[in-house]
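Here chain A shows up in two complexes: once beside chain B, once beside chain C.
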Partner chain A sequence: MSITGIEAPAVEVRGLVRDFAVKGGPPRRALDDFDLAVAPGEVHGLLGPNGAGKTTLCKILSTVLLPTAGTARVQGLDVVADAKRVRPLLGIVFGGERGLYARMTAAQNLRFWAALYGHGRREGRRRAAELLERVGLGPRADEAVETFSRGMKQRLHLARGLVGDPRVLLLDEPTVGMDPVSAHEFRDLVEDLRAEGRAVLLTTHDMAEAEALCDRVSFIDGGRLLRCEDPRVLGELLSRHERVRASGVPEALAARLAALPGVERVRATGPGAVLVETDRGGAALPVLRTLVEAGVTDVSTAPPSLEEVYLHLIGDRGMAVRP
Partner chain B sequence: MNAIAVLRQTMWSGWTDLRSVYTPTTWAFGWMVRVLCQVVFYSTLGALLGDAERARFLLVGAAVFIAVNETMMASASTTWERFSGTLSLLAAAPAGMVVVLAARSWFWVASGTLSSSIALLALAPFFGLRLGLGDSLAAVALILLTALTNYAVGLCCGSLSLRFHRLRNVFSNIALLTMTAVCGVMVPASFWPAGLQWFAAAFPASHALEAVRLAIADAPAAAVLAEAALAAGTSAVWLALAATALGWFQTDARRTGSIDFGD
Partner chain C sequence: MRGSSPAFWAAARFQLGEFRRDPGTLLMLVTAPFFAVILLSVTEHGGRADLAPYAILAPAVMASIGMAVMEAGETIFRDRTAGVLEAVLTTPAPLATVLLGRIAAITAVSLAGIAECWLVGAVGFGVVVHVAHPLVFALTLAATAAGIAATGVLMAAVFVVGRNVRSFQNSLTFPLYLLGGAMVPVALLPSGVEALSRVFFLSWATDLLRDSLAPEPVAAFWPRLAAVLGLAAATFAAGSWLSHRLVRRVRRNGTVGFA
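Let's turn to the complex of A and B:
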């Protein structure tokens, strides 16, 4: 809570810039005048390709990296000037198998981190046991982490991120390596965290995950914020680019559809199946009429998925990473 | 911040690290056999020169230096945090990384003291060194002092290794070889020019080893304690250097981004 009585945003980033020195060349800009606000209790998705600047942002927020310019605040505290006060407010979870002491048991790992977040012996034990139960690792609490599967390590990562009872969680690709059941349980857990009033900043490549979990998503590329919206609003952005799916469409009919005004392209999605993409509102109507008149009955319209929005905003540049 | 809790958990983490390096069997039949062979090798060189005094000098030097050797491993184990991917998490934790990095390699002190003491006490009779109970206890206590005080040198090298990661094996090796040469381990310190003797005096090992030699030679307690105090004093300086290097590393890492998530 701020001194004015208005609750401070859980995360507030303004004009954030981060340059990295490059030997023998100009500095590489990882974040470029980046703005972001995450409200308490909000689950905010950060979507972008590799090298977009997502992890750089998380590193600055977690106080392990200084910004070149701009400000970043957590619960109203500046991550540069008030780093020591910011750290207890944050929980950090990143994907992959690293970040755990492999030879220690799950419980020992959590007790270690509990100590680093200021909990004494008894409280550390209590929190470790409680969190291991919460992430479904209670029965494996006393087994060495090196014997865990990747998904189990990921759940332990999440428990570790919660050990300090943080108000803000930075989840950097947290479901990497999780099986579908575990990923589903993880989403339930994030829902619980939201219900507890914790803010979650989630970086992910999993569009379904972002769509299912996030109150808002920010698209980032080349260090710049491209768009920040409710996932459903972003879908509506492309709703004027209505799409019509149909099957049993002969090639000649597909060619006729492509020639209709407002049709951006017609893509074959299978034998006789097409996806018609339009580029203006109302353009889907003549498409539907043409299909029905031609005797095609297997026709549907659908809103674009978040993945399509992502590809639309980021552009199709294959596997190329921005220089 | 509950420093005791951090210290306790860190030491437990170190204990699991030790168990990953050695099992009791590999420690006894791998490491200790290697230690005994090494000490026998150097002591035998002295014996082959036909000089019992030289043999004893080399025996004490080689055995006590095992404690120095092992505690220099703290340099490598300090950087294990980077390999386990916990460095960024330590940097972002409220307790910070200083206590954790300072305490996590404690097991080298324990292992170094034990292996060095066993080597000295077990091999002494074979090279004509008679140690009574009092001498033995004093030697073990001073070997512990040697390990503890040199641990600070290992931590300093470890802190530098975090900053200059690609040179991580260089710092400890240079320090170890320098100490082997000038600290009176194999060659009496008096052999070297005065300037080099002053340089050698900057290392705790010079004083701790001299304290062991004086104690075994039944020198006055004051002389032994004076060397022990010098070892502790120089160690404090190295500890301060280690803390400074660690602070420098953290400041630099925040500026340059040399700590990555997953580091």
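Let's turn to the complex of A and C:
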């Protein structure tokens, strides 16, 4: 809480810069004059391709990495100057297999981490049991983590992130390795967290996930904030730029597809294989119909890639691959 | 320090679990009795029964400090490879506290080496070493354990920085055995080396331990115990300070994990 009684933003980042030293070369700028604000209770998506700087931002917020310039605050506290007071407020879930003791059981892992957040033994046990239930690992609580599947480890990561009862959660690609059912349960969990008034910063490559979960979505690339949007904008882009993939398509048919209304272009992706990109909602339907009528059965639709959405978001400027 | 004490105990319990999960960490407790056999054979065969306490203490103390230093390195190395070190740094618990908890548990377990070596003497050689001054012995042992744990924390802090440091942890134990007077009382060392050894708590500790076994009264016990404790505290302070500095450096360079 600030002195005026208005709750400080859960996360507030201003002009954040982070350079990494590169052997025999100029430093690499992972974050470049980055700004971000996450309100208390907000679920904020951070969407960006590989190497965009998402993890770097999460690391700076979680106090394990120092910024080169600029400021980052968590509930009004500076992550550098007030790191000690920031840590109890935060829960961090880094994606992947790292960050857990493989030979310990799930429950032992959680109890250990509860203790690092200052909770005594009994409270640690209580939290561990409750959180394992919550992420659906109750029946496997006493099994060693090394016997877990990736998705199960990911759930345990989530439980670990919650063990300190944080006001702000940083989730760095939390659904990596989860099956669609788990990913769906994960969405419910995030809804619960929102309902409990916790702020969530969620990094992902998955646009559908961002659209479904987030109150706002920030687009990051090359360490820069491109846009901060309502996720509906994202949803619109996703449906407007739907793609159709087909194989066994003769050249003449491909030409006919290209002439259909709303078809942006038809790309050959292999012998007889095409990728039809549309730029109007509903344009995929006539494409599908034309293909099926011509006897092509190997057809599928897909949302546009992140790169394409980026192109549409920012126009053709600035998407050159950065060194 | 908010939340320090649960972190200490959790780290200690965790380490005890590690011994069960990976008994290889107890290797030094396996080798210590063999060492005791070798040394006792020499002292007995050489007709120097008066040196039996030396032969029993030396391998036990070496096992203890050796385990603390080796395991401190291993702890950091494994935590860092598993990406756990980074996660620990995001929690409110100070790294030095977590390290101290783990190394304290290692040290407590390593003290079993004394009983092992004593038994080797009693059962294998019929040499029963009496503790002439039990209180002196007990207090010194406790202070020694604290110092060994502090040394482990200091070593672990060094291991936070680099992955290459691991290769020298093994060779590092030998100067510590020497300067700690584990095998040879430091008074017998060249004077320059002895002077250096006096800033290492272990040199005071091993002298006191040996004195506590001998029937002669122990001279200047309290000041010497104070030296052990003071130097142990200084070692922990140095380890704590260094871990703080190194963590900061690692945060600046962005190399906490291996990524």
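Just so it is clear, the second predicted complex is superposed on the first by the 235 of 323 C-alpha atoms of A that agree within 3 Å, B and C clash if a C-alpha of one lies under 4 Å from a C-alpha of the other, contacts with A are read in each partner's own complex, and residues count from 1 in each chain.
The criterion applied here is as follows: contacts are C-beta pairs under 8 Å (C-beta built on N, C-alpha and C of every residue); 3 or more make two chains touch, one makes a residue touch a chain.
All values derive from a computational prediction rather than experimental measurement.
Undergrad: Clash or fit: what happens to chain B and chain C when chain A is overlaid?
TA: Here chain B and chain C cannot both sit on chain A without a clash.
Undergrad: Name the contact category of A:G118: first (chain B only), second (chain C only), both, or neither.
TA: both
Undergrad: With the two structures laid over each other on chain A, which partner does A:R127 touch: chain B (first), chain C (second), both, or neither?
TA: Neither partner.
Undergrad: Regarding the shared-chain residue A:G99, is it in contact with chain B (first), chain C (second), both, or neither?
TA: Both: A:G99 reaches chain B and chain C.
Undergrad: Determine, under the contact definition given at the top, whether A:K54 touches first (chain B), second (chain C), both, or neither.
TA: In the superposition, A:K54 contacts neither chain B nor chain C.
Undergrad: On the A-aligned overlay, A:R155 touches which partner chain: chain B = first, chain C = second, or both, or neither?
TA: Neither partner.
Undergrad: In the overlaid three-chain picture, which partner chain does A:A21 touch, first (chain B) or second (chain C), both, or neither?
TA: Both chain B and chain C are touched by A:A21.
Undergrad: By the touch definition at the top of the document, which applies to A:R194: first (chain B), second (chain C), both, or neither?
TA: A:R194: touches no partner chain.
Undergrad: Please report the chain A residues shared by its interface with chain B and its interface with chain C.
TA: Chain A residues touching both partners: 18, 20-21, 55, 59, 62-66, 84, 87-88, 90, 92, 94, 96-104, 108, 111-121, 124, 160, 164.
Undergrad: Can you list the residues on chain B that touch chain A in the complex?
TA: On the chain B side, the touching residues are 1-2, 5-6, 8-10, 12-13, 16-17, 19-20, 84-86, 88-95, 100, 253-257, 259-262.
Undergrad: Residues of chain A touching chain B in their complex?
TA: 18, 20-21, 55-56, 58-59, 62-66, 84, 87-88, 90, 92, 94, 96-104, 108, 111-121, 124, 160, 164, 172
Undergrad: Considering only the defined contacts, which chain A positions touch chain C in the complex?
TA: Touching chain C: residues 18, 20-21, 55, 59, 62-66, 84, 87-88, 90, 92, 94, 96-104, 108, 111-121, 124, 160, 164 of chain A.
Undergrad: Which bits of chain C are touching chain A when the two form their complex?
TA: Interface residues on chain C, with respect to chain A: 2-4, 6-7, 9-11, 14, 17-18, 21-22, 82-84, 86-93, 98, 248, 251-254, 256-257, 259.
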